[in-house]
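Here it is: the structure, laid out below.
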Amino acid sequence: MTKVAIAGASGYSGEELVRLLLRHPEAEIVAVTSRQYAGKTLAEVFPKFAHYRAAQTIPFILPDAAELARLAEYVFLALPHGVAAELAVPLLKAGRRVLDLSADFRLRSAAVYEEFYGKTHPAPELLAQAVYGQPETYRERLKGAGLVACAGCYPTSILVPTLPLLRAGLIRPEGIIADSLSGVTGAGRKADLGYIYCECNESARPYGLPKHRHLSEIEQELSIAAGTQVTMQFTPHLIPLNRGILTTLYLTPSEEIRDAESAERFSRKLADMYQKVYGQEVFVRIDGDKILPDIKNIVMSNVVEFGWKVDCRTGRLIVVSAIDNLMRGASGQAIQCFNLMAGYPETTGLL
Amino acid sequence: MTKVAIAGASGYSGEELVRLLLRHPEAEIVAVTSRQYAGKTLAEVFPKFAHYRAAQTIPFILPDAAELARLAEYVFLALPHGVAAELAVPLLKAGRRVLDLSADFRLRSAAVYEEFYGKTHPAPELLAQAVYGQPETYRERLKGAGLVACAGCYPTSILVPTLPLLRAGLIRPEGIIADSLSGVTGAGRKADLGYIYCECNESARPYGLPKHRHLSEIEQELSIAAGTQVTMQFTPHLIPLNRGILTTLYLTPSEEIRDAESAERFSRKLADMYQKVYGQEVFVRIDGDKILPDIKNIVMSNVVEFGWKVDCRTGRLIVVSAIDNLMRGASGQAIQCFNLMAGYPETTGLL
Amino acid sequence: MTKVAIAGASGYSGEELVRLLLRHPEAEIVAVTSRQYAGKTLAEVFPKFAHYRAAQTIPFILPDAAELARLAEYVFLALPHGVAAELAVPLLKAGRRVLDLSADFRLRSAAVYEEFYGKTHPAPELLAQAVYGQPETYRERLKGAGLVACAGCYPTSILVPTLPLLRAGLIRPEGIIADSLSGVTGAGRKADLGYIYCECNESARPYGLPKHRHLSEIEQELSIAAGTQVTMQFTPHLIPLNRGILTTLYLTPSEEIRDAESAERFSRKLADMYQKVYGQEVFVRIDGDKILPDIKNIVMSNVVEFGWKVDCRTGRLIVVSAIDNLMRGASGQAIQCFNLMAGYPETTGLL
Amino acid sequence: MTKVAIAGASGYSGEELVRLLLRHPEAEIVAVTSRQYAGKTLAEVFPKFAHYRAAQTIPFILPDAAELARLAEYVFLALPHGVAAELAVPLLKAGRRVLDLSADFRLRSAAVYEEFYGKTHPAPELLAQAVYGQPETYRERLKGAGLVACAGCYPTSILVPTLPLLRAGLIRPEGIIADSLSGVTGAGRKADLGYIYCECNESARPYGLPKHRHLSEIEQELSIAAGTQVTMQFTPHLIPLNRGILTTLYLTPSEEIRDAESAERFSRKLADMYQKVYGQEVFVRIDGDKILPDIKNIVMSNVVEFGWKVDCRTGRLIVVSAIDNLMRGASGQAIQCFNLMAGYPETTGLL
């Protein structure tokens, strides 16, 4: 059993880490942190977990790096950006391995961080060693990583289907549009008038236009795959459900789609390429061009699902992907990274 | 056109008053109050009303009684209890007619107010003159009222079907149980962690057990109808929808229900009685014993709908009622009272 | 009072016509049709309308054109395409004015109808005289129209903000993308496994890709405005709410957006143009570039609301619009057309 | 690995059995049945399970008893009542152990079955040997059972908190009322107009009053516990969520509750009794009298959670319980029974 701790366990992704790690056969939660709940047990704070024997004894402690380092081998940080880095630095110094679910270490450039997050990066010296926590893309590097910057929710829904298209040169790097729908857990557990029930229910709205923070990490990874600077359009919307992200991508094929036949041929090329790249991936579901994803088919699962249509009228490629924002978009993917780091089968605790 | 003002227009029942009064052909909103929005127009604060020409000019002002008295003939108070009385006193002194949607003047006894609301009544001298704002019950007194204490939402769903049963002696006053379900607007527009979207969606929970504040006014009115002190059980639940209350009442018939035949006979008696009492009421829908209400049939309407079953197995009478908590449970019923006070046809602006 | 009839009153848009016409001060519903309910009154079939005195007597009759022509001056057709035309032909011959909510008369070309609807057009000789029922665009022609082809729901959300942009040459006609979200009433009232509660709730999915039928009327109207053939991308999604459409439009400005300054300048141009075109329209709300629409602000209203962002990073113009699919997307807009035809103020019964 | 089959895997409880058994470490699904899908694999029919390697090969077969008996040691029947018995008889003859999720074997009396289900019992000779599948109540008998009649969803939410009260004589057997709220999966996966999204969303309604079929098994088990015939009131309601049941029970304490002190004393008695009965149960959560359940705390879990209030005003005991209708109310509890039958730790595959 590997000893793990979760810093920031009272938000939605922290709670999801607790849920998943309680049933993980190789991990033992030794502590969770919360300024508000320090001194209580996990079962006292979250009655929903009280039937797990371990929850009766797992203590909430203050977010103290020395204490976390003393107790745990691996520390998951489910904290706001900025705050996460403050814990990451001493934990890494103490030789602990850190999985950060915030945005603090996702960007390779401290300048881009400052541009998008509006503050000086708190630990720029660590950026070079951080590995981006998207297992299908960085599997080998994750195995040896000391600091993992777990990929964001929207980015995961966009990058998994798009990166291989760029790498294979099947689409052009210009003009990419990602139109995303997200459930309300994506906004976090916070008492804000805009997120009370009746302000979200029976409604839908865009937000964060036109320069949402996640653009920074999406463009960084797309640029690496394309071998050229990618600037893209990203439009997130809030829709009335708890969990799930659906992303519709508008892409330009590298070859001209003139008619049904060339569309069909291009689609087969995609199917072959995706099969080669993801055919063996347990947590990637390729729908092909007949079916498109539906959030209900991936809720509570770690799967990224995507399908596509090649439109012979417009010449465009439309790819639609779906993930559970708390599983694949946050805590599930973090545990997938943890499994790689700790040498467990990648699906451990996630099926 | 009668000049009206709304004190406290930023909550859900205040907003609903605005919605209904903007389309009321005989009322002119001359001012709305809000400490937060003073200085802006209604259209600026609520873009959703901006297509009403009047909304372009209706000003938000501070909740000042003198100014309200200067501007309006009628003032609706959509304020928290305690705060409402503070405005009501000077408005009444200035000769204005007041429709209070809070609980401040619903109880005839200041002692009961103190028991249930935990504070000394702010203006006990006004209790005697306040008329309880339930039009089907107090229609005649409402016409001349200076101070109307608009009935609460749960109370309306319970009293409309139950009062005539008690008055007619068809049920016993002991052992009454009201089990109610309410949409989340019932909790008000407030930023509280317990009411954010993901804490209410895909969930349901009881609250306020066993002594919810509304018990005080329900028992008061039931006792008047029964001619004896009634103590009853009331269990509200929060369910995931915006608007609507569904109440299931468990009642004991005064006569013994031994078999299908006596059940059938008792049910016909009820039908006759209800027909006599409510047959001419536009805003009361009597379903009888074949159909039971469904919230979707009364949402956005001022109707109280109810049906019943006489259970020959248990000897009980089950009555189920439904209302829209913002319309019939608050602002619609207040306007129904206003129509009576101002001498307009009772349905004006409510169909 | 103008005598009106509704053919097909048991679906969602038929029911919405009933709701709106019952409160319309100048219209009298003389009959509604339904094969299933013929012989009953409106109140018997829809208890939710039973508190309207008229509903007690309005009869459901069989969809017989002669009888409808005998009873009514105006007939609303809320029927499936194909079926609508069968009634429209004899009604027009009998001199009645027809408002068709189906797609039967929206297209000017019978060939395009056949391409998108998969059948020969049932009455191609009527296409030339039909007026497209989008009041802000065809107001003058609607006044004298005998046959109105009410605009579709998605098309309305797309055309109202886009047509003036094309007419003014502010955007290029190529590369238009409309990404739309719709509530489930949009799918109609039909018992289909894909639309039962648990298959839609807590989920979201695209459908009809890449060649949804509404493309035909959208492209027709965009092409007229652009003065050139427009081919565009349209991606509808189903989201878990009852009413409402939110459309996100990706558009290419005609002038180059190089930086924040040119973006700002272009945005001001848009604001001026929209103000000129829609500044006096009661049912069009221009949000500008600071606010973007939220479905909850237009539900149960006849307003089309839209706002925009000019993105200086990508050079694109993003416009977001929202409508209530049953009001502005169907029955409300139909009544707006009816008001124009019958010479009533355009907002009658719609505020 | 124990070989299991699921007959009727296309409904919600069948699908939930698949979900749970795919991750059960000791069970191997060898076949699932469906007339409609015979010939396909589980992954083809339910893409959501496609990432389980086993799902790639598990075949859908016709519901043939001989074939099921050949393939599996244990057969779960997730079929309508009546149909389930037809398979159960030959399976038992062939020596297979059967877990029936329908109502066919829950009642000890064929006459009561006929009264409540309106048909002659298909296999009355088996009733005596069937064990009621409520593990906390019949644990020892379940271990050796050949035929388990898994408890219904509403019954489980009522029986778990109520049986010990009756057994301990803490409440009187008369006058019991259970008022229940259920999510829409409870209605099954069927294309019925009453269950399409917009007919359930933003609404709530009672149904099955006053003699719902589940009364038969609830009263049977309550009567056994009370040692006398119990007749009770049961009122189910449909509320807009996917999963979950919340039941509010109105009960009469055997001793008089006169004041706050006697209420407090009675509540402590309950707490002691429940602790004795359920204190060691992993899947029973006792909230006590300070907290009451919330559906969101038991969704996707096998826990029955309940709390209570002793009302010194009315003298009543109110108990509120919550379960996930698909887990604890159907498939999770069935697997709990299976674990007992097969000798696995009772929580296997359920944490």
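For reference, chains read A, B, C and D in written order, and residue numbers begin at 1 within each chain.
Going forward, a contact is a pair of C-beta atoms (placed from the backbone, for glycine too) under 8 Å apart; a residue touches a chain by one contact, two chains touch by 3 or more.
Because the structure is a prediction, the values reported are computed rather than measured.
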Relative to chain D, chain with the most remote C-alpha centre: C
Comparison of A-B and B-D (more C-beta pairs in contact): B-D
Euclidean distance of C-alpha centroids - chain A vs chain D, Å: 36
Distance between the centres, which are taken as Cα means, of chain D and chain B, whole angstrom: 39
Whole-Å gap between the CA centroids of chain A and chain B: 47
Per-residue overlap in chain A, given as positions that touch at least 2 other chains: 183, 199, 201-202, 240-242, 296
Residue numbers on chain B that touch chain D, as the complex places them: 177, 179, 181, 199, 201-207, 209-211, 231-233, 235, 237, 239-244, 246, 248, 250, 292-296, 299, 309, 311, 313-314, 316, 318, 320
Residues of chain C defined as touching chain B within the complex: 22-23, 47-48, 50-53, 202, 282-283, 285, 287, 291, 296-298, 300-301, 303, 305, 351
Partner chain D, residues of chain C touching it in the complex: 12, 183-185, 189-193, 195-202, 240-242
